[in-house]
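The letters A, B, C and D name the chains in turn, as written, and every chain counts its residues from 1.
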Amino acid sequence: MKRIAEPALLAAALVLPFVLGATGNEFYVGVATRILIFALAATALNFIVGYGGMVAFGHAAFFGLGAYTVAILMNHGITAAWLTWPAAAAVAAVASLGVGLISLRTRGVYFIMITLAFAQMLFYLVVSLKAYGGDDGLPLASRSALPALDLADDLHFYFAVVALLAAALALFARIDAARFGRALAGIRQNETRMEALGYPVFRLKLACFVIGGAVAGLAGALMANQTGLASPNLLYWTQSGMLLVMVILGGVGSRYGGLLGALVLLGLEEWLAAITEHSALWVGVALLLVASFAPRGIAGLLAGRRNG
Amino acid sequence: MLQLFLEQALNGLQFGLMLFLLAAGLTLVFGIMDMINLSHGSLYMGGAYLAAAAVERTGSFALGVLGAVAGMIVVGALLERLVLRRFYQRDHLAQVLATFALILIANETVRIVWGPQPVMLNAPEALSGPVEVFGFSYPAYRLLIIGVGLGVAALLYVLVAKTRVGMWVRAGAANREMTEAMGVNVPRLFTAIFALGAALCAVAGALLGPLLAVQVGMGENILILAFVVIVIGGIGSIRGALVGALLVGGVDTLGRALLPTLLRSLASNEVASNLGPALASILIYALMAAVLFWKPQGLFPARA
Amino acid sequence: MADLLALDGLAKHFGGIRATDGVTLDVRAGELHALIGPNGAGKTTLIHLVSGALAADEGSVRFDGDDVTRLTMHERAGRGLVRSYQITSIFPHLTALENLRLAVQSRRQDWGSSFRFWQPAARDAAMTEEAAALLAEVDLAGRGTAQAADLAHGEQRCLELGMALATKPRLLLLDEPLAGMGREESERMAALIAGLKGRVTVLLVEHDMDIVFRLADRISVLVAGRIVATGTPDAIRDDPHVRRAYLGDEIVPIDRTLPPVRAQRPCGLPLHGEGRRGDGT
Amino acid sequence: MNLLAVEDLAVSYGESQVLFGIDMTIPEGEVATLLGRNGMGKTTTVRAICGLGGVGIRAGRILLAGEEIGGLAPDAIARRGVALVPEGRQVFPNLTVREHLVAFAANRSDTRDPWTPAKVFDFFPQLKDRAGNLGNQLSGGEQQMLAIGRALTTNPRLLILDEATEGLAPLIREEIWRCLAALRDAGQTTLVIDKYVERLIRLADRHTIVERGRVVWRGSSAELDADHGIWHRYLGI
């Protein structure tokens, strides 16, 4: 089942823009790109929440920092994606290392709140950068440049996003099966026992937090390219809430949880906006229903149906 | 300079007291029911809108506030009975999802009823002017807010510290099962607490309405401040909420007023006016991070 | 024999309660040393202090000559001071084999660190082999693919012991390994513990006096946070001071027909489901 | 007249069944005990009687003065006159001693001479000195006295003590035994769990021994005192 599902999924993602093009819906290539970028950010958050067992409520900060890194570098004339995108991930990684070093001293609700606090600090810090747009954000002069692909072309950019998302999903699956991922699984289920076994739990969790932060930074770099703007709103707490909602909606700790969550939430928004003025109301109702009746999210629903 | 400081200190007190009204309900719900309620800010928004509607209908500010309080008590109790109660036993993630959904629903409902534009809520005519205090003039309406805030805080203190219901609430926060075993109907107590929290939100929403804009989304901005307050104070502690609220209100207001001035004496004008407001906003989050770093359970942990 | 573990004046207070009140105790290399005492005597607290789960207020813990009082639990574990848990502490959603492999993987000195992100752990053949061997050693051969949560209580206790062994401890702290077991299961576990003698030094906390007196090389008696006696099983059995102190209830005449220590055993064996949160603290 | 009657009670904890048909009665004014090794179902029985969480009643009935209370909410059971002094005492860390005695005060047995906070302070003079202290500032013995006092202020028809003297120093234990004897002499119906069988024989009228969730023996104090084989077989003594 799974062996067929994954290549099929990838094939569908690759064929999609041609179908949209053939049916005169090119506009939706942009929509799909945006959804997949959020899917990447949510997948990164899911690595922290679902694999590492840490409920972080400030992930948008790393997402936003990635966007700003690309925008600021471009502002200084550096446009090469192979430079700026890794730089975005690196900046986000450094930031998440700092945040994690302090936040991981706390547990549970306090961890939720302290990660939120740091994200808000970064939000206000970015707002104060008047040289880089302040409240209004920093526009990108163009898309980042790659030797082989023409990223300014929406189709090429879409393929780049698909490739990076697929790579990230594969990477996380690989990590999960490796020693590091097994250690995380142990920490998630019984942290005290892992300590007693002699695992450096703090450093393992920190590494998990940093990896998740770095991938979110990469997603931010893509987002800046997609919208042509690094906006402070990318770092605001409601954005962190949205990412967390995607993860919970899709399925915490499920490999495709982030992807499913972004797909369903943003897809639902897009669809409802087309048919009703008050789409947010129905999105809310849908989320409430999922929260009430699908404790393991959409991934749980799908798995449940397959097993049952 | 002294006058500026005093005036800003009063502003900080006023803001802190309003934050306390929001944080008091939030900390009880959080501490006792172990429930993260992101939609608490929506109750505040609901209170402001109801007050605006009631003032317009009755022409009386006082009646408007009372109407908002009565309305939000009903809304709060219904919300608890029909929706939130299902999530007490669930994990925090499910609570985040559900109450985030409630924010979306609340915002859109308000938009449907009152439209997307901000609505007007004016301070009562009689209090629109300034009065003399400590040798300088200060808006009378803000003094009213301080007065009401102090009064409600005192009432809450008596309720929680001196009455049997208050003892149940504290006992319930520390050990729910034992409280039930002593004969307290905890589910009913929860509904009452939630309704009380909604009433306090309504007071804050109605009183702050004339100062801040009554608009969709007003709850989200202040919600996070309320969370900061209760985390600083210690989740579940009313005393902690009061101390935390006054700290956050004071630090935020004084920081905004004084930091740019302070920076100007250290750096260029331009840097100061750019950096000042941001630093002031960051201040309270830095405060919270610092508190959690040294006291990971907040200043007044409710559970020993 | 040299002392592998030496506690000196170890104390821990909770509010006004002195859970551990100046414990001085030596465990010699290679011995099986049992710690007994009535409920609430502070045995669990002492285990926490030795393993590093709690920080001592006073006194010191020396392990193999080094002062480890200030080390964290995982640092002590890294030196070979390893505990098992009274309330079964396993990874419920991993299989029995994965539980053991994770425990084996914890030995950095043999395998290198867990910061490996690419190679699937399941393909580490040597690690898997060792985990499988341990599985057999603790009588769980054939249960490797079962989720730990689905194992019977006695099997979970065996798995728990296996995980502690997987770390190749030099000193193993066993906290009530027989808790909640039936007679047969207890005997099976006792045989497993007996099999450890000579291979690994053990500090055993256990309520089942039959088995303690059969297994232990030496016994220490903890009452109200203090060690009141240490000696061979025979010496402890005959020590009138121990009898009186251990019973704690001087008024009760000791005229039962059964051997004295057993006779006054405060009925032992906590079982899962009975909501105990450790004794006395 | 039986104040408490437990009839063929079967109970599960989560997935697994823990009690398999417990029968037990306590006549008005008597003291009964539940005996057995740890983990044999004593605390589960108490939790089922009090309606506390996690315990699911699969079969059987629990009658308080003839009225079915099995499956009621814990607060409803408490208001009908059952008061628990739980294992581990569980005083409220953030309430003062006086507040413990005021918060839940009621007269649930309609007695003419009800327990009041003042009367509890007379009963436990030690608590009076600490009236303003918080629950978590007390020693273990004081906490147990407070837990008993807290239960008494509800004037319960049935008082239940789970591990009445566990973890207490010998002298304090004696004081608890004296106080339980005084309550018995005042006519308080009581169910006690403890491990000091000799003391329980002197205190109580009737005893029930559970093993692996079943009643394996029941009888009077005289019968239990006479047959030490029972002690050995079921209590490991």
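The working rule: a contact is a pair of C-beta atoms (placed from the backbone, for glycine too) under 8 Å apart; a residue touches a chain by one contact, two chains touch by 3 or more.
Nothing here was measured: the structure is a model prediction, and the numbers come from that model.
Novice: Using the touch definition from the top, how many steps at minimum link subunit A to subunit D?
Specialist: 2
Novice: Enumerate, in label order, the chains that touch subunit A and subunit B alike.
Specialist: Chains in contact with subunit A as well as subunit B: not a single one.
Novice: If you take the mean of the Cα atoms for each chain, which one ends up farthest from subunit B?
Specialist: C
Novice: What are the two chains with the most C-beta pairs touching?
Specialist: A-B
Novice: At what distance in angstrom does the C-alpha mean of subunit C lie from that of subunit B?
Specialist: 50
Novice: Could you please state the distance in Å, as a whole number, between where the Cα atoms of subunit B are centred and where those of subunit D are centred?
Specialist: Computed from C-alpha means, the inter-chain centre distance equals 43 Å.
Novice: For subunit C and subunit D, what's the span in angstrom between their mean Cα positions?
Specialist: Computed value for the inter-centroid distance: 32 Å.
Novice: Counting only residues that touch at least two other chains, what does the list for subunit D look like?
Specialist: 136
Novice: Could you pull out the residues of subunit A that touch at least 2 other chains?
Specialist: none
Novice: Give the list of subunit B residues in touch with subunit D in this complex.
Specialist: These residues of subunit B touch subunit D: 164, 167-168, 170-171, 173-175, 177-186, 302-304.
Novice: Touching subunit A in the complex: which residues of subunit C?
Specialist: Contact set of subunit C toward subunit A: 51, 53, 72-74, 77-78, 82-83, 85, 89-94, 98, 101-103, 105-108, 114-122, 124, 163, 167.
Novice: Show me the residue ranges of subunit A that touch subunit B in the complex, using the header's touch definition.
Specialist: Counting only subunit A, the residues touching subunit B are 49, 55, 57, 102, 105-110, 112-114, 116-118, 120-121, 124-125, 127-128, 130, 134, 237-238, 241, 244-245, 248-249, 252, 278, 280-281, 283-288, 290-292, 295.
Novice: Spell out the part of subunit D that touches subunit B in their complex, as residue ranges.
Specialist: Of all residues in subunit D, those touching subunit B are 50, 52-53, 73-76, 78-79, 83-84, 86, 90, 92-95, 99, 102-104, 106, 108, 136, 150, 154.
Novice: Using the touch rule from the top, collect the residues of subunit A that touch subunit C in their complex.
Specialist: For subunit A paired with subunit C, touching residues are 174-175, 177-183, 185-186, 189-190, 192-201, 203-204, 207.
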